[in-house]
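Structures are listed in the sections that come next.
Below, chain A partners chain B and then partners chain C, in two separate complexes.
What follows is the complex of A and B.
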């Protein structure tokens, strides 16, 4: 029975993926402007025909879609065409190898930082529920959660980067090159993305913790004489974290969008830069592969949540939830 | 610390939700009123034109003579920009959310009430569009419609129109899914069963019982969505595909972003205005949700 639900979800996910990528290939075809003109403005007729064939512009959209799909499944993300005139280009995969780790690291750091700060804060607020401290902090968090990350990023860049001159305002340093500079170059991007998430996560955790605190097993634990801290961290946190985890996984998807903008603000040349450039320069194959990658990531995150649900909350695992 | 009572058995559920107080709501309403008023009547304010360049006064600081919020690097007045930007940013946002909620709401409600294949198709459409992050979807849409043809630079649609269309496409699945969920929960209520059993037509049940109950919860989310749209518009401007330079709040800060070290206020003031507006919209939406929760708990 459980397998059937899982398979059903998997089938749905695959169908969604197919529809996303297929509609992208139709959309990309509609982009105005002949890509051949942009990619090879001074090419000969033979050169144009060759590029047309290579880009799959001479076949219909269905054939084109499947040839792209099979290439992708073999790990070939297509070619990034440069207007050198000879139709030469760089494999999208090698560009991804540079850009993707940057964006993934930013997202990973942001998630880790957000959860590390949000969980103690959420527990503290639930513990102090309805006191003046809780009300003040909760109000501030509500306000903070609605400030867009780029506004925080720009303010940080000005105060910390320009006025105090503490951190570099633009540029990315790989970890292997110089670990301390690597972290210094990512502090501001990660902080600007994290602040909103910390506020969102701690508010969610606070509400769920307060609800769990009303349950009988807490009364039981309390009357056994266990300390408040032990009860909060060991008994109440786990069953209260399912909303937090759903939100975290959904935010991973939203973070892709936020990270794209923040990358641009801090000139980190990550995945977002790649995608915007691909769209601006009509890199058909690249656009399609990049968007497919995002959609896969998004769907995988959602799939992981369903699994994590069962692992984290024993009530779901036992089928009693 | 050890003596603080841990249990909150006796507390009321509503209080524990961490809702903001009424003060925030009044401030939010005040700010939104100012913004909406500005968007409508900005033309009558005694200000320089937003796209007029005062070449004698480049990069004036805040509170300068004749330019209350200073000027940017090519001499356009920051306050006039904000006033004009209110019309563009709020116009784009409210239009997209309004059209998106009407279309999404209808789709969601019909899907929930008809069920069957209609429901499957609509839900699949919602899921597909929600699987693409909003910024990517709008990026592709703007590139698709707004970029002029290489041979004919005047081709392509106006940026604002393209932004409205793409952001509407973002809003439809968000509000549509909400409307579907809400309509599903309402159509199982007793009064709907009663209406069905006395032979009321489906169409009139929808009109008299389902839609009036779904609308309030859509309203509260619509305010949040308006905030989300303003943020996306700002993000798109930073990525270089927003409204024309300086025409909206987002494109104001995108235009002046490179001058952060020299004229920081030309970037930070629009950023602050965006932040305040989004915050106000969130307060407003949350206030509505609180009212609805109250109302529904009494039904």
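What follows is the complex of A and C.
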């Protein structure tokens, strides 16, 4: 039974991957502008024809797709074409080796920080629901969540980086190079991205917690004399966290390719900037491979959340959810 | 299994938290001192080989690695550089370049006439591995449209190991200037020209620095000192003075400013559009600002092959709608001048008669009149889509132009950077109505001529549908007669093919610990300008402790 479920999930994942990557194959062809004109503006007709063939633009989209897929399965993410065509570019894999770890770490740290702050805050707001404190903090969170992350980033860079001289304002330091500088280089990007998420997550958790607090088992626990803290953390949080987990999983996928503005502000050169540049320069193979990675990330994170649902909620584990 | 008690866990957590706080509260690191220079630029790396067309920031980095046969000095004059002498016949058809002896590329090859010929051939598109360069599109007709190495050999010969002679079918009075072309046609080693990776991840030039890492991270290029560099400083000491130079791409001008103020970088480049940041930095005693001559004119180039700017009414409406004084104030906050003509008064395209006449003017009533005339002509409202780059400055400047067009009754919106592809990364407008370019700069018409003479380039931003005008500029090029240039430029204005907006000089901002900016003398005398069209002379730059 368990194997059937696993196979079913795997089949769904493969189907999603196929649909996403095949759709991208079609969509990139609809982008305005001839990629050959952009990649090799002054090439001879022979040079253009050669690049057209290398990019698979001289074959139909289905052939092109399966050719790309075959390469991808062999670990070949394609080439970032230079204006000299094939042989002059940089393997996308090398560029990913620079950009992807940065984005994954930013995503990881952002999620950790967001959840560490959002969960206690959400519980507190649920516990104090409809009081003046709850209303004030909720309104502040609503206001904060509407501030774009880049605005927070620029403000932080000026105040914390320049005025207080506490943190570097640009650049990324790999962990292996200098752990302390690594964390320092990512504090402001992570805080910029986390503030909005903390607001969103805590509001989501607050709503679910309030609903759970009305359940009979909470009344039962309270009548047994359990402390409020114990009830909130041990009995109410777990069944109230499914919306939070779903939202977190979606945000994790989005953060990998979607933190481009923060990457730009803090000169981090992560996955988002790589993808944006790939789209701007019509790097067909790179776009396709990068989007496939994002799709994989979404699938993996959602799979993790599916597993976590079962961990936090026994009803899901027992098939009664 | 041993487990920490709750109390111990708290202690461990406390110690870890304190360690984290301690690490975060350290003072941010200062810029690398002494031998290592960090330069912040605002343009991504998109290739340095002949066929690539980087903008000024990347050219600055490229020129630290590879050099040109001729170069511009601080007085705006083109002088020999890798070439020891440049001689020409009276009719400007025969040009002889005698190279300096004893110059070696980073890969050990000596600079010889054969290397120069290989580079010229590559620029002309005769190297099967490398497409033709942008300047060569203009030179090809100078060479009579050579399409094979055999034809090329008839017009370009080595007269000995260090002498190259070009025999051109038509006069080219500015041929020596073509070999500067704002730092573009650099001389690479023969091996570099034999790899498709030329200028992407590899490139051996003769410059003061050689490539350590480039291309894989498009936002960072690291160079290291060339121990065999051919130039020496005034005291005869070896150059370059620094051991490494790191060019970091920081697209946001506010963050370039912050990093510079904090000491995370030593030097940064800015355009006048970073007006608020520049004004702030002028007040900072730790920073030194260098401004170039305000002779680079930013002009809108109209795509005359497609709507709406295939209509003269649309072009004139656009030109009259732009309040150049307000634009210069909004965009540059006093760091640029409104431009009514092309180039400074000393540029051959300038029609201002010594600054007395305004070639283009702001006239809202006339702009409205031409917007209405466009509607009558086409039955459509004038709708303009302005391409932007990724910087906030670009969005701000284009928004200001949009607002002016809206006041004149036209519709206007901004094309986001990802869509405005070519402007960002290739420098060309492929499918756009209009592009903002700065090809009229300095003293010489040589670079602007690349764009003003062509009617058939697949580069819509420069595409004219006026063969007569192209012929006019062609004659001007062959005679180098100021009167002829003015005659042609008058048509550019009259037809509003190009619309001038503001003029700037560009800025280099350095921390006051940086020494040697622009200090090294050129071999023929004079120096490179600190803020020039091909970047500053990096050879003598050093950071004091």
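In the analysis below, the second predicted complex is superposed on the first by the 262 of 321 C-alpha atoms of A that agree within 3 Å, B and C clash if a C-alpha of one lies under 4 Å from a C-alpha of the other, contacts with A are read in each partner's own complex, and residues count from 1 in each chain.
Heads up, the rule we're going with is that a contact is a pair of C-beta atoms (placed from the backbone, for glycine too) under 8 Å apart; a residue touches a chain by one contact, two chains touch by 3 or more.
In this text, all values refer to a predicted model and were calculated from it rather than measured experimentally.
Chemist: A:165 contacts which: chain B (first), chain C (second), both, neither?
Modeler: In the superposition, A:165 contacts chain C only.
Chemist: Contacts for A:219 in the overlay, against chain B (first) and chain C (second): which applies, first, second, both or neither?
Modeler: After superposition on chain A, A:219 lies in contact with chain B alone.
Chemist: Taking the superposition as given, does A:228 touch the first partner, chain B, the second, chain C, both, or neither?
Modeler: first
Chemist: Which partner does A:59 contact after superposing on A: first (chain B), second (chain C), both, neither?
Modeler: Touch partners of A:59: none, neither chain B nor chain C.
Chemist: Have a look at where A:50 lands relative to chain B and chain C in the superposition and call it first, second, both or neither.
Modeler: Neither: A:50 stays clear of chain B and chain C.
Chemist: Can you tell me whether chain B or chain C touches more residues on chain A?
Modeler: Greater contact footprint in residues on chain A: B.
Chemist: Scan A:69 for contacts with chain B and chain C and give back first, second, both or neither.
Modeler: Once the two structures are laid over each other on A, A:69 reaches no partner at all.
Chemist: When the two structures are overlaid on chain A, which partner does A:265 contact: first (chain B), second (chain C), both, or neither?
Modeler: A:265 contacts both chain B and chain C.
Chemist: Please indicate which partner A:104 is in contact with in the superposed arrangement: first for chain B, second for chain C, both, or neither.
Modeler: neither
Chemist: Is A:257 contacted by the first partner chain B, the second partner chain C, both or neither?
Modeler: A:257 sits against chain B, while chain C stays out of touch.
Chemist: Which chain A residues are contacted by chain C in one complex and by chain B in the other?
Modeler: On chain A, the residues that contact chain B in one structure and chain C in the other are 32-34, 37-38, 154, 157-158, 162, 169, 264-265, 276, 279-280.
Chemist: Quick one: in the complex, what on chain B touches chain A?
Modeler: So the residues of chain B touching chain A come out as 1-2, 4, 6-9, 11, 15-18, 20-21, 24, 124, 127-128, 131-136, 139-141, 143-145, 147-151, 155-156, 227, 231-232, 234-235, 238-241, 253, 257, 260-261, 264, 267-268, 271-272, 274-275, 278-279, 281-283, 286.
Chemist: Where on chain A is chain B touching in the complex?
Modeler: 12, 15-17, 19-20, 23-24, 27-28, 30-34, 37-38, 125, 127-130, 134-135, 138-139, 141-143, 145-148, 150-151, 154-155, 157-158, 162, 169, 203, 206-207, 210-211, 213-214, 218-219, 222, 227-228, 231-232, 253-254, 256-258, 260-261, 264-265, 272, 275-276, 279-280, 287, 291, 294-295, 298-299
Chemist: Help me check something: in the complex, which residues belonging to chain A touch chain C?
Modeler: 32-34, 37-38, 40-44, 47, 82-90, 94-95, 97-98, 154, 157-158, 161-162, 165-171, 179-181, 183-184, 187, 264-267, 269, 273, 276-277, 279-282
Chemist: Per the contact definition, I'd like the list of chain C residues that touch chain A in the complex.
Modeler: 20, 23-29, 40, 44, 46-47, 49, 51-53, 125, 129-134, 136-137, 195-201, 215-220, 248-252, 254-255, 258-259, 261-262, 264-265, 390, 417-419, 421-422, 424-426, 428, 430-431, 458-459
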